[in-house]
Every structure is written in structure tokens, then in C-alpha cells.
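Naming follows writing order (A, B and C), and every chain is counted from residue 1.
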Amino acid sequence: MASGDITRSPPPFPRFALQWRVAFALAAVLIVAGLAFSVQSQTASSILLATTTSTRDTGLLDFLDPLFQADTGIQVQYVAVGTGQALDMAARGDADVAMVHAPSLELTFMARGEGLCRSSLMYNRFLIVGPASDPAGIRGLTNATDAFRRIWQTNSTFLSRGDNSGTNVKELAIWALVGHIPSTTNDSWYLETGQGMGATLTVASEKGAYTLSDDGTFYALESSLSLQILVAGDPFLFNQYHIIVVNPVQHPNVRANASLEYAHWLVSSRGQALIAGYEVAGHRLFTPNYNPNDPGVC
Amino acid sequence: MTVPLALAGVQKSFAGKAVLKDLDLRVEAGEIFGVVGPSGAGKTTVLRVLDLLEAPDGGQVLFEDRALVPDSREALAQRRRMCLIAQNPAVFRASVFDNVAYGLRLRGVPPELVRGRVFSALEFVGLLDRADEVAARLSGGEQQRVAFARATVLRPDVLLLDEFTSNLDPANVRLLESATRRYRLESGCTVVIVTHNLFQAKRLADRVGLLLDGKFLEVAPTHGFFENPSRPETQAFLSGEMAY
Amino acid sequence: MLQIVALSLFVAGTSTLIGAVLGVPLGTMIALRRFRGRNFVRTLAFTFYGFPPVLAGLLVYLVLSHSGPLGFLGWLYTPLGMILAQAVLVVPIVAGVTISAVQVVERRLHETALTLGADERQWRSTAVHEARLGVLTAIMVGFGRAISEVGAVLIVGGNIAGQTRVLTTAIVLDTSEANYLEATVLGIILFVIAFIVFAALQRLQSEGVV
């Protein structure tokens, strides 16, 4: 009764073949369900904000965005990256709106026609912090350049973020005014962490070193650090934020209308009041300074 | 009169070395044909060519006087009417039952029929109570019995046995030889058995052929082959005095 | 936190599924079929084992960006993009381990299957069945890579709160903000998840289901 019929080709291990088919079917169902869910959650009204890690770290966005959504129904999703990448994201059309604090880079961005409009938003401050012992003797100085010069001349340990962030850019700008840009190879007292503000502060605290920090991150971590504010108030240490809506002409996918609504809300009296009232560890961080007379405002 | 298997002028070389040289063979229907010869003479190759696993470099492989092209649909259909049992059982990573059912499922036999035939084949080799065990956990002899059941459950017209009891203890050897005889009786199939065990050849075969230098030197009914070989080489081989 | 865990499982799980659906048949074919350039393809598959995840993330980022070729999909900074990036990493891993598992089978059992009457398609099915332990291992290794991967999902996902933040990227964020306690807790959760999944698969294997 040997069968020589070769027209059919059934599987030799039917239970196993069945298991495979069930698994594949399950996989297909899961993938389709996930796709559907993903697509569905994206059609809800939302905009993508490109911003910096230090902005995220202040917690301001987590405070403002839900209020904006309650007022307008628009959800703000933000991606926090380095300043350079944030503007690059906007230039690629991967973000609808940008909130950054690097004026020179922003002006180049606008000059290339990448932005629809740009409004000044608020500023917070940078602080020079260091150990209570203050080996360089800078406490109470009102000029950041003088403070840095003294740190250099006393060879006191200084930690730089070394990551091209807005804070790093400001730090290098101060060194430029001093007339000496330190390098890790030539200046043994100058160290780079390559990390975010929180991590840099922690390392500075452990090493008893000086560093430049934004006020928000410092206040948020102050209780766990053994650092003190030594120099503040120099206008050069002000950190100016702008809100930029990406130009939809270059990138048609940009949700310009919703982004404009966001920008207008932030510079409205309600938005500016909320910004002024925002506190971290009992300290108010931001001073709103929207100026409707600036060129190219939203 | 047509014979189920024949090889005509078959040549086969491996890596430039000729193993089968202009080989002829005719196997009668329903007989047990024993193939003996020195190691490396090409005995296994003969079986592989018969089973259409190897294509000969020259010559023909004939089934009922029809030459078959290897790798053709006809060849696959023919191969499904034959079974080769090798020295190593090579059981699948599955239960004994699934192993024996393998060939039936390949051919699309319905599950109700599969059960009956598998159990009957297992009973034939005395493994009925082991059907649900993992085949790999059985002893070597038991695995070879599974392999035998796996082959005979398909009711092949031709059974090709390649030193299939070489690794086994005497009890299993006896069991499988007896199963072979019973199977041939019940099914009328043709058997070609390669063995280096001359006693086994004497016990099982109807005719025996000596494979030497790539050809069958002498082919004779068993009694005559062993008691009264016509070639001096055969005599030398049987007495263990052949130098090779 | 629950949302982060769920998203982690969803992203890693889906990319592993894709890896299995594409990688197992691919690996099986490469192991069993003779074709020109087979050795080259095999070497290629094994080389992609060590493909740096961040590099995969960067490449997928550039492709999915709105200025890139697939920008119209809008998958950047969404879980879909993350799944795509991880699938790019997982498919070669699953395929590669599958090749290794099936190759061993090939030598032993091919002829046995042929003598019992298998045709090419049935042989492939037999080979996969025989190598199923190895295939399952391939999928497990793929999942392990996916769930613990951080570079690609960070670059392509953007670590958006409530949308594309998974366990690994959440750990990165907490660490950068010096929230070491939270980071460690998330890390432990990650470890426990991986442990549970592998223990469950181990159980299935020893019970002979596989």
C-alpha cells in the first residue's frame, strides 16, 4: 500500500506546523493591533516641540503643557536634545516648533528661512557655584569674567559640561572674555564631564569643584549637593529663551497653525504670568520678557 | 521478465577516484539479496544509487526496466516506494510514535489510518508500549527498531538495508533479522542488504553478491556462494585471507 | 511607570515578532538551500550580529526624518519608528542563530528524510522542527537584545514622556538628572522582566512543548 502520490506535500509534524501557524497569526494580529493603536493615537491633535535638555530639566514644560492642552485641546510632545540638534531637528522638519536658548544659532536659523517667526519668551539665570571653602575667593563678585579669571589664576578645579549645550556655549563665551580658553590637555584643573547638568553638578559636589549651572537644575538638586551659589546677577549670565515656529513652506508636514497657537499662548498675558509664577524648591526661575516690537515675532 | 531493480553499466567516482566501475546488477522480485565485500568497496554507494540519492556518472538505474532520471518527479515517486535503513538510526527529535508516523504523514495518509498502522508497525518490532516516549531517549538497539518500524510502516516495495545491525547487541540483531524475514513474507517486498557479517548474510539472503573493485565479481545463491564459490577472490574473501 | 513598562514590552515584543517572522525563514533558507553567494550571505548575517545599535538608530533616524526618503510615513519619534529600528537589529540576530541551529540538522537528517520520501518543502519543515530548540534560542536572544537596547530607541524615539519613553531610555534620563534611585529601580524592573520571560521559555522547553 505504498503511496507514490506526490501531488500533495503535507507537513510531517502537523502539531508543530499548527503551533507555528498559530504563532504567526498571533504575531500578525499583535502587529496590526499595535499599528492601529499607534496610528490612532497620532491623529489626536498634537505638536512636536524640539527643546534642550536643560529646558526639560527645569520642569517648566511639564508644568505648562498640560495647562495649554486643557485650554486648547492641543497636546505638546517634546523631544529634549542638545541645542545644536534641536535646531537641526527643526531644520529637517522633524519638529513643529522649537524652544531654545542659543541666540547666535537661532539667528543663523532664521536667516536661512527655516523659521516662520521668532518670539522672545523668558530668561533664567546662570550661576557660578562652588564649594563653601571657595579656594578662588570669588564669593559675592558681580562680574562673571572676573570670577573665571580668578579660578584660572588659582588653578582651582573647574568642571565643564563639554557637550556643546547652551550652558557649555555660555561657559566658553565667558572664557573668551577672560582671554584664555582652557583645555583639558594643558590645564589640569579644567575637567569635562560630557554629561547633563544634573550629573555635572553631582560630580562637582563630590570633587569640591566650581562649575557653571542654570538656576533651575541647581535649585532642584540643591539639597543633595554640597555646593553654594557664589556669583550671580551679572547680566551676561542671563539665559534668554525664544520660541520659534518652523516654516511650513519648507516642510509641508509641519503643523504650523497649532504651533502658532502654542507660541501665542506662551506670550499671552496668561502664559507669561504662568511662567513668572513657576517655582522650583521655592525659587522662581524665569522672568518673562516677551517684546511684541521685536522683528519677526509670532 | 521484468525485475524490480537493476543497475546497468553504472559508474560512480568520488573526488576523482572511481568507486563503481561499469557495474551490473539484477535483483529478482521478492528476494533478499545480500551484498558483501571489503570495506570501501562501494557497498553503501550501490545502495545510495539504488535509492536515487546519488546520480551515477554513467550507466542507468532501472525500475521494472524503466530508467529513471534522478531529481525528477518520477524519481521522487519511485523513492517513496523504497526505504533505506542506515547503520545509524537518526531518529527525529520527537516521540517514537511521531517518528514512525513521519513517512505516512509525508504522504498525506489521514490521521485515523495513521494511528492503526503506526501501532501495528511498533508491535512488529516489540515497541508498542514505548510509543509516547521521546525517541532520542531509547537505547541504540531500540532506536534502530524504531527506524525499522518507521520504514516498514510505509509498506515499501523495496527495502535497502545498509549494515543496519552492525552496532547492535545479539538480541537486537536477532529481533531485527526476524522482523526482516517476517516483513518480506507478509509483503512480498524485495530486500537488498549490505552486511559485513557473513553469518548474517548466510541467515538472511537468498542470493549473495561479492562487490570487489567496483563490480560484482560473483553472484550466486547463498548456499553455493558460501560452500562452493566459483572465483578464487571469493574464496580468499570468505576465508578472511584477502589482502586489501 | 506602568506605561513605560507596557511600552517597553510592546516595542521589544513587536520587533522580536517581526524578527522571528522574517529571520527564521530567512535563516532556514540560507542554511538549507544551495545558491551562489551563499557563503557571502552567511558571513554577512553573522557580521550583522555585532552591528552597533546606535548606528542602526542613526541610520533609521536619517531615513525616517522628514527630510529623508521615508519621512512621509511620519514614524520618527513614534513607537513605530522604534520598532523599525529594533527590527533592523533583531532580524540578523534571529537569522544568524537560526542558521547555526539548522545547519547542524542538515548534515544528520537530510538523507534520512529523503529516504522516507520527503520533498524539498517537507524537508525544510522537518529541519525547522528538528532545530526548534535552537530556533527558540534565536528568538530569545533577539528579544534580549531588543528589551535591553537603548541607543537606537533613544535616537529614533526621542524619549518623549508618555509616548516613546521605555525602560532603558527612562534610565538614561534619570541618570542624567542624577536620580540614581529611580534609575536603579527601573533597571531592576527591566532585569526582572527579562528574567520572567526567559524563565517561562525555559519551562516550556523542559516540558517538551518545544
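We adopt the following convention: contacts are C-beta pairs under 8 Å (C-beta built on N, C-alpha and C of every residue); 3 or more make two chains touch, one makes a residue touch a chain.
All values derive from a computational prediction rather than experimental measurement.
Peer 1: Sort the chain pairs by how many C-beta pairs are in contact and tell me the top one.
Peer 2: Per-pair contact counts point to A-C as the maximum.
Peer 1: Taking each chain's centre as the mean of its Cα atoms, which chain lies farthest from chain A?
Peer 2: Most remote chain from chain A, centroid-wise, comes out as B.
Peer 1: How far is the middle of chain B from the middle of chain C, if each middle is the mean of its Cα atoms, in Å?
Peer 2: 45
Peer 1: With centres defined as the mean C-alpha position, give me the chain A-chain B separation in Å.
Peer 2: Centre-to-centre distance between chain A and chain B: 76 Å.
Peer 1: Counting in whole Å, what is the centre-to-centre distance of chain A and chain C, each centre being its mean C-alpha position?
Peer 2: Going by mean C-alpha positions, chain A sits 31 Å from chain C.
Peer 1: Residues touching two or more other chains, restricted to chain A: which are they?
Peer 2: Residues 6, 10-13 of chain A each touch two or more of the other chains.
Peer 1: In chain C, what residues contact two or more other chains?
Peer 2: Correct list: 118-119, 122, 126, 129, 132.
Peer 1: Residue numbers in chain B touching 2 or more other chains?
Peer 2: If we look for residues of chain B contacting two or more partner chains, we find 76, 80, 94, 102, 106-107, 154.
Peer 1: List the residues on chain B that touch chain A in their complex, please.
Peer 2: For chain B paired with chain A, touching residues are 73, 76-78, 80-81, 94, 98, 102, 105-109, 111, 154-157.
Peer 1: Hey, which residues of chain B end up touching chain C in the complex?
Peer 2: So the residues of chain B in touch with chain C come to 51, 53, 76, 79-80, 82-84, 86, 90, 92-94, 102-103, 106-107, 134, 150-151, 154.
Peer 1: Give the list of chain C residues in touch with chain B in this complex.
Peer 2: Touch list, chain C to chain B: 108-109, 111-112, 114-119, 122, 126, 129-130, 132-133, 208.
Peer 1: For the complex, give me every residue of chain A touching chain B.
Peer 2: Listed in rising order, the residues of chain A that touch chain B are 1-6, 8, 10-14.
Peer 1: Which bits of chain A are touching chain C when the two form their complex?
Peer 2: 6, 9-13, 16-17, 20, 23-24, 27-28, 30-31, 34-35, 38, 41-42, 48, 53, 57, 62, 77-81, 92-94, 195-196, 198-199, 201-202, 221, 224, 251, 253
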